[in-house]
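Before anything else, here is the set of structures, which you'll find just below.
Next come two complexes, and both contain chain A; in the first it sits with chain B, in the second with chain C.
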Partner chain A sequence: MITKQLLEQIEGEASVYFDIQNEKVAFATVSFPHFRGMESILEGKNALDSLVITPRVCGICGHAHLMATVRALENAYKNGGYEINLTQKSQKIREFTLLMEMIQNHFKWLYMVIIPELSKLTTLNLENRPLKGAFAASIAAKAIALFGGQWPHSSYMVPGGVTADPTHIELLQAQNYLQELIMFFEKESLGFSLETFLSFESCKEFGGFDSDIVSLEAALMDAQMHQKGFAYDRFFVMGEHGFSKVAKVKSTRTFGVESKYITTQAAYAPQAQSFAKNALYKNAYYETGPLARLMAKGRPFVKNMHRRYKDSAYSRVMARVYEIASMLSYVQNLLKDIEITQDSVTPLVDIKKISAEGVGVVEAPRGPLVHRVKIEDGIIKKYEIITPTQFNIGSSSLEKPTPVQMAMQGLSKEDALFIFRTFDVCSVCTTH
Partner chain B sequence: MHLKKDKKLTILWLQGLTCNGNTHSFLNLSSLSLLLSKFEILHFPAMQTVYTFESISECKLSCDILIFEGTYDPLMKRNNVFLKDILQHYAKGAKYIIAAGSCASFGGMFKASSPERNSGILFNEKEESGPLTEYKEKIINLSGCPIHPEWMGFTLSMLVNKQKVFLDELHRPLELYSSLAHHGCSRNEYFEWKVDAKGFGLKEGCLFYEQGCRAPMTHSSCNKILWNEVSSKTRIGTPCFGCTEPDFPRSALFTTKTNMSIPQDVPLGVSKRSYLTMAGVAKTFHVKRLEGKLIDYKTTS
Partner chain C sequence: MNDYSFNVEKEWAMADKIEGVKKLFTSNSARVETNRGEEFYENLFETCQSRIEELKSLTPPKNRVDIDEFLEVQGVNRRDFMKWASAVTGMLMLPASFTPLVADAALLMNRAPVIWIELSDCAGNTEAILRSEGPKIDEILLDVISLEFNETIMAAAGYQAEAQLEDAIETFKDKYLLFVEGAVPMGIDGYYGTIGAEAETMHDHLQRVAKHAAAIVAVGSCATFGGVPAAAPNPTGAVGVMDVIKGKPLINIPACPANPANMVGVIIQYILTGQIPELDSLLRPKFAFGYRIHDNCERRAHFDAGEFVEEWGDEGAKNNFCLYKVGCKGPMTFNNCSIVKYNDGVNWPVGVGRGCIGCSEPDFWDKYAYERPMANAHIKAPTGGVEKSVDEFGLGLLTAAGIGIGIHAVASAVAGKKEEVGE
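Up next is the complex of A and B:
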C-alpha cells in the first residue's frame, strides 16, 4: 500500500510516497509540488539583472546562487573574448561570505531540523532549542552584511569583483563576529574548543564530554544511524574554491570531473505531479554536500568515520557538524591577509558587447550548484539552474534509485523520514 | 469566541509561492526569543510548532494574526488544498493580517511566474484587486524583498502592545515607510554635489546617476534601521533596486534610465525642473575633497 507523508522544515514542501511492505519501506518516491519558473523569468532580461533575480531562488542559500550567477557571467565574458582577472581581495571576500552562508545553513539545520527530529527516535535526552540555530545563523549573517550589505538576498557580487570597498574597520568587525560565532560554537554546541575538535582523528574521542554535539553523536548511535541510511557510497564535488577539492569519490578513491557531464532527467513520481528534475553525473547518481566535500579532501576524522560506518546517516550528519568546525577555522585565515589596497572590481567592457555562453559552478551548502547562461548582446537568451538537492533527493524508478531513495529502503517509515532530512533538503531550490 | 485577557495572541505564518527569504530574514531578528515569547506560534515554516501544516490545511483552526509570505497564486495547492481556501479561512477569523515581503504585498518577484493571475493578498502591484480586499481594514503590508526583520519585529510589537499602526495608501506602516531608502545613505554628500560613482567597488560617489540606484524614489528605512544591524545595499556600493515598491522587480537594474542624459526618474516629490535647476547649480562647483579617493592607502604612510 502506498502512504503519503507531507514534509515540512525542508525550505518548502515535499511529499514522500512510501510503499510499505512488512512495516518496512520497500520503495519511496518524492514529489515537489511548487514551481516558480525562475529560468523563464530570467530569459529576455539584461544579463546583470540575474544578479538580483537568482538570489531569490532561495531564502537560505541565495548567496550561493549569486556566486554561481556571477561566475557564469564571468565565464561568458571569457568565452566572448574578454577574460576577467579577479583581484585576490575580491576573491577572498566572495569566498568569505559564501562560507558564512554555509555556516548559517548548517547551524539552522542542526538546531531546527536534525536535533528535533532525532529526539523522536531516541530515548536519550536531546535538548531541543531551535532558536540557538537562529541565533548562530544571525551572527554569520551580520558578517556577510558587512560586505554584502544585507543577508538574505544580497547582490554585491558583480562581474569583475564585488561592489563593496571595505576598510580595515569592516575587516575587524568581521573578525569579531567570527570570533563571537566560534565562541558560541565552542560553548553552546561543542563543549570544548574548536581546535580540540579539529584535532580529533575519530568520533571515539567524544567520550567524556557533555554538550549538544556529544549528545547528538550518542543519540545517532542509540538510534542505530550508523547502520542505516546507506546510499551509493560515491560522492561528487564540483565547485572550485580554496576550501574544496573538485572530484568524484568512489569509496575512497578520487577521480577528476568536468561540469559538462552533469545532466538532468525528469523525476519519476507516479503519485503526484512533481516539478523536480533529477541531476546525474555521467548518467549515474552521486551524493553531494559536506560528506562528499570532506571525503574529497580526505580529512582524517571523516575518513575514519567512513571506514567504520560508510555513507550511513550517522556519517552524513557528523560530517555536516564537522564541516561547521572546519569552515569556521578556514574563514579565520581568509580574512587575515586581505590586501585592502587592491581593486574591488577589475575594469571590464559593457555586458552589451557580450554574446557567449557561460557556466558557473559553486559549492552551495548542499553541494554543487550549476548555473548555465546564454547571452546575446548582453541579453539572457537561455538560463539553466541545477541545484544540489536535485543530485541527492531525486525521484527515480526502483531499478535505478537516487541516493535518498536508496538510503530509505528497508527501514521503518520513522527512520526513513529522519534519513530524508539528513541530506538537508532544499525544496525551493529543487524546483526553482 | 472570546479571548481571555491573559491569553497570548496566536500567530499563523502561511506561505504562498515563495523562496522562504522572509522567513529566514525574520530569523535574523536580534530580539527574536523575546518577541516570540509574547505570542503563541501556531505554525511557522522553519520550526516545529504547535500544529503541523497538515492540521493547518484542514482549515478547522483560527488565529489572531495571520502572516502571509509569498505571491498569491489562485491555482496553487498546499498539501492538496487550494491555497485560496486556506487563506480565506484564516483571514476571516484573524484580527490582523500581515503581508510579509513584496510578493505578499504586491505580487513581487513571483508575480512573473504567472503574471496574468498572481498578485499580492490585497494589491496586484498598485491596484487593489487581490483576494483579501474584503478584509483590507486589517491588512498591514510590510513590503521589501526580503522583509527587514526589525520591520516585522516592530509591527508585531505594536500589535501586542495594542498600539495603532498608522498606514500609508499602500497599507505600509508610516513609521517604517514614510522616509526613503536615500535617508541616511552614507553617500548623501555625493548626491548633494552631484558627484557620480566612477564604477562599482568604490566608497566614493553617488549611485543614482549611472548605476541605477532607486533610493531617492523608494519608501523604506534601510539606511535608518540597518540590515543585520550593520549595513545596507548603498553603503556597500550596491544600488537600491526599489524592492519595497509595487513595481519591483523593474528591469535593467544596474543602469540609470536617462533621457538625453537626464535621469528619467527624479527624487520623489521634486519636480523635474527644480531638480535640474538644483543639479545644474551644484555641478558648476567642484568640491575637490569629493572628487578624489577618501583614503589613498598608497600615499598615506
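Up next is the complex of A and C:
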C-alpha cells in the first residue's frame, strides 16, 4: 500500500510516497509539484541579465546562484579568449558573502527544522526555540548586506569582480556582526567557546557541558540516529573555494573530479507529476553538502564520527553543526587581510563580443551548484542549472535508489521523514 | 539642400526628446499628501483610538503571547520600543501625535490573525521577513503576531498542516489578513503548481483561502504582478493575484523581495484603522510607493552634477557616482528603498554600487531589469491604467529607441566612447 506524505518547510513542498510493509518503509519515491521555467526564461536574454535573474531561483540560497552565474560568465570569457584576473579583494569579498549565506542557512535549518522535528522522536528534553535560528540568521544577513546591498537577492557580483567598494568602516562593521554572531553561537548554542569546539576530536568531549548542541547530540543518540539513514557512503565536492577541497570521497579515500561528468535525468515519480530531476556523477549517485565537504577536507572531528557512524543521520546533522563552527572561524581570518586599495573590478571587454560556453560551480549550503551557459554575441542561447538537492533528493526506481531513497529504507515512517530533512532540502531549487 | 532641411528636422526631434527627458528627471515627485489638515488627523485619531479600544476587549487567540510581558522578559526597554513605534509612525506618514497609538497597535498585533500562503515562489519574502530584526522588535512581533499558517516556517506538515489551515480559516472567518507570496501559474490547467494532499492547483488554493479573508496582501513581485516566472516567455502562464481575485480588498506590496518594513507597516496600519492603507492605481500603499527611488537617493547630487559611473570599477565607481549609465532604473521606480533600505537599514543595492533594477514595477524583468541604461534599448510602453505620476514619464520616453540620455549625461560622455544602439 502506497501512502502519500506531504512535506513543507523545505523551501517549497514535496510529496513522499511510501510503500510500507510490516510498518517499515520498503521503498519511497519523491515528487515536487511546482515549476517556474527559469532556464527557458533566461534564453534569449543578454548574458548580464542572468546576474539578477538566477538569484531569484531561491530565497535562501540565491547568493550561491549569483556566484555560480558570475563564474559561468567568467568561464565563458576565458573560453572566448579573454583572461580574467580577479583581485584578491574581490575574491575574498565574494567568499565572505557566500559563506555567510551558508552559515545563516545552517542556523535556520538547525533551529527551525531539525530541533523541532527531532524533539518529536525523543523523550529527552530538547529545548525548542526556533527564533534563535532566525536571530542568528538575521545577523549573518546583515553582514552580507554590507557588501551585497541586500539579502536575499543581492546582485553585486559582475564578471571581473564586485561592484562594492568597501571602506574600513564596512570591514569594521562586518567584523562587528561576525563577533556578535560568534558570541551568540557560543553562548546560546554551544555552551563553550568556538575554539574549544574546533579543538574537539569527537563528541565524547561534550561530556559535562549543557547546551542546545549537547542536547541535540544526546537526542540524536537517543533516537538511534547513529544507526539509521545510511546511504551510499560516497561523497562529492565540486565548488572550488579557499574553504573547500574539490574531490569525491569513497570509503575515506579522495579522488579527482571534473564537472563535465555531471549529468541529469528526469525524476522517477510514478504516483504523481514531478518537475524535478536527478543529478549524477559518472552515472552514479553521490551525497553532497557539509558532510561531504568535511570528509573531503579530512577534519578529525568528522572523520572520527564517520569511522564510528558512517553516513548515518547522526553524522549528517552533526557535520552541518560542525560546519557552522568551521565556517565562522574561516570567515574571521578572511576578513583580516582584505586589501581595500585593490581594484574591485578588473575591466573586461563588452559581453557582446563573447560567443562561448561557460561553466560555473560553487559550493552552495547543500552541495555543488552548477551553472552551464552558452552565449552567442552576448546573448544567452542555453542555460542549465543543476542544484545540490538534485544530487541528494533525487527519485529513482528500486534497482538504483538515490541517496535519500536509500537512507529512508527499512525505517518507520516517522524516522524516514526526519531522515529526509537531515539532507536539508531546497524544493524551489530542485524544480526552478 | 536636402541635407540642411534634414538636419533641422533631426534637431527639432532631438530637442523634443531632450525636453522629454528633462521633464522626466526634473518633474515633481512626491504624490503623497503628507499634510491633510488638522481636522482630517483629528478624525483619524478618534477612529484609531476607538478601534484600539475594540481590539483591547477581544481576547487573544489561543496561546498567543502577551507582548507587554514578552518585552519585559526579552529585556527590551520601553524607550527602545517607543523609538521603534515613532519610526513606524513616520513611515506610515502619520503625525508624531499618533506614536502612542502605533505603540498600542503593535501591542495588539496578536489580535489580527494572519494566514500566509505560498504559490509559485522562491520563498524570498518569507526569508526576508524572518531576517527582520531591529531592534529585536520585529522578531518579537513575529512571535506575537498571530501567524496562523505559513508553509515555510510552521511546524506542522502534511495533513496536520491542512487541518491547521482549515481551522484557522474557520476560527478567524472574515477577519484574517491573507498574505500571498508567489505567482499563480495558469498553464496546463494550473498544474504547474499544486498544493496539498488533493493536489489542489495553486489557483484553486488561492480562491479557496481568499474567500473568507478580510483583505488580501500580495507580497513580492511574483504575487503582485507575476514576477520572474512571468518574464518572457512566461513558460507556466504565471499571473499575479490581482488577475485572479476580484471583489476583495487587495493590497500589493511589490519588490523582489518586498521590504519587510513595508509588510509590518501594512499590518500595523490594518490594526490601527481596521482598513487598508491608501493605495495608488497599482494597489500599492502610498506611504511606501508614493515616491521614486530617484527622489530620495543618496547619489542624487551626483546625478544633478552630471557625475556618472561609466564602467564597473572606474574612478566614478570608487567615488559613489550616479549609476544611471550602468543601468539604474531609480528614476522610473516607485518604492521607499532609498529611505528605509534593507536588512534593518544596513544597506541597499545602490549602496553597493549597482543600480536599481526597478523591481517594484510591473513587468520589470522584461522592461527594466538589465545592466544597460534605458536610453539604449527598445522598450514598449507600459500598458494598463497607471497613475498620472507614473504616466509623466511613460509613453513619451519609453517608446522611442535611440533617445539621448539627456543633457547631464551627454555632457559627461567619455570622449571616443561609442554609443551602441538597441538590443
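In the analysis below, the second predicted complex is superposed on the first by the 432 of 432 C-alpha atoms of A that agree within 3 Å, B and C clash if a C-alpha of one lies under 4 Å from a C-alpha of the other, contacts with A are read in each partner's own complex, and residues count from 1 in each chain.
Heads up, the rule we're going with is that a residue touches a chain if its C-beta (ideal position, glycine included) is under 8 Å from a C-beta of that chain, and two chains touch if they have at least 3 such contacts.
Predicted model only: the values in this text are computed from it and were never measured.
Enquirer: Assess the superposed three-chain arrangement around chain A: do chain B and chain C clash, or do they fit?
Expert: Aligned on chain A, chain C clashes with chain B.
Enquirer: Looking at the overlay, does A:Thr97 come into contact with chain B only (first), chain C only (second), both, or neither?
Expert: Neither chain B nor chain C is touched by A:Thr97.
Enquirer: Can A:Thr69 be said to touch chain B (first), chain C (second), both, or neither?
Expert: The answer is neither, since A:Thr69 touches no partner chain.
Enquirer: Based on the superposed arrangement, let me know which partner A:Lys108 touches: chain B (first), chain C (second), both, or neither?
Expert: both
Enquirer: Let me test your reading of the model: by the given contact rule, A:Asp343 touches which partner, first (chain B), second (chain C), both or neither?
Expert: both
Enquirer: Touch test for A:Thr288: chain B only (first), chain C only (second), both, or neither?
Expert: Touch status of A:Thr288: no partner.
Enquirer: Does the superposition put A:Thr402 against chain B (first), chain C (second), both, or neither?
Expert: After superposition on chain A, A:Thr402 lies in contact with neither partner.
Enquirer: Quick check for you: in the superposed arrangement, does A:Ser315 touch first (chain B), second (chain C), both or neither?
Expert: It touches nothing on chain B or chain C.
Enquirer: Touching chain B in one complex and chain C in the other: list those residues of chain A.
Expert: Common to the two interfaces on chain A: residues 6, 8-9, 11-13, 33-37, 41, 45-46, 48-49, 51-53, 56-60, 62, 108, 112, 116, 130-131, 134-135, 137-138, 141-142, 144-156, 158, 160-165, 343-345, 347, 428.
Enquirer: Going by the contact rule set out above, which residues of chain C touch chain A in the complex?
Expert: Touching chain A from chain C are residues 118, 120-128, 130-133, 139, 142-143, 151-155, 157-159, 161-162, 183, 185, 191-197, 199, 202, 227-229, 231-236, 238, 256-257, 311-314, 317-318, 320, 341-344, 346-354, 357, 365, 369-372, 420, 423.
Enquirer: Would you mind writing out the residues of chain A in touch with chain B in their complex?
Expert: 6, 8-9, 11-13, 33-37, 41, 45-46, 48-49, 51-53, 56-60, 62, 90, 108, 112, 116, 130-131, 134-135, 137-138, 141-142, 144-156, 158, 160-167, 173, 340-341, 343-345, 347, 428
Enquirer: Flag every residue of chain B that touches chain A in the complex, lowest number first.
Expert: 15, 17-25, 27-30, 32-33, 36, 45-48, 52-54, 76-79, 109-110, 112-113, 145-146, 199-203, 227-238, 241, 249, 251-255, 295, 297-298
Enquirer: Mind pulling up the chain A residues that touch chain C in the complex?
Expert: On the chain A side, the touching residues are 4-9, 11-13, 33-38, 40-41, 44-46, 48-49, 51-53, 56-60, 62, 104, 108, 112, 116, 130-131, 134-135, 137-139, 141-142, 144-156, 158, 160-165, 272-273, 275, 343-347, 352, 428.
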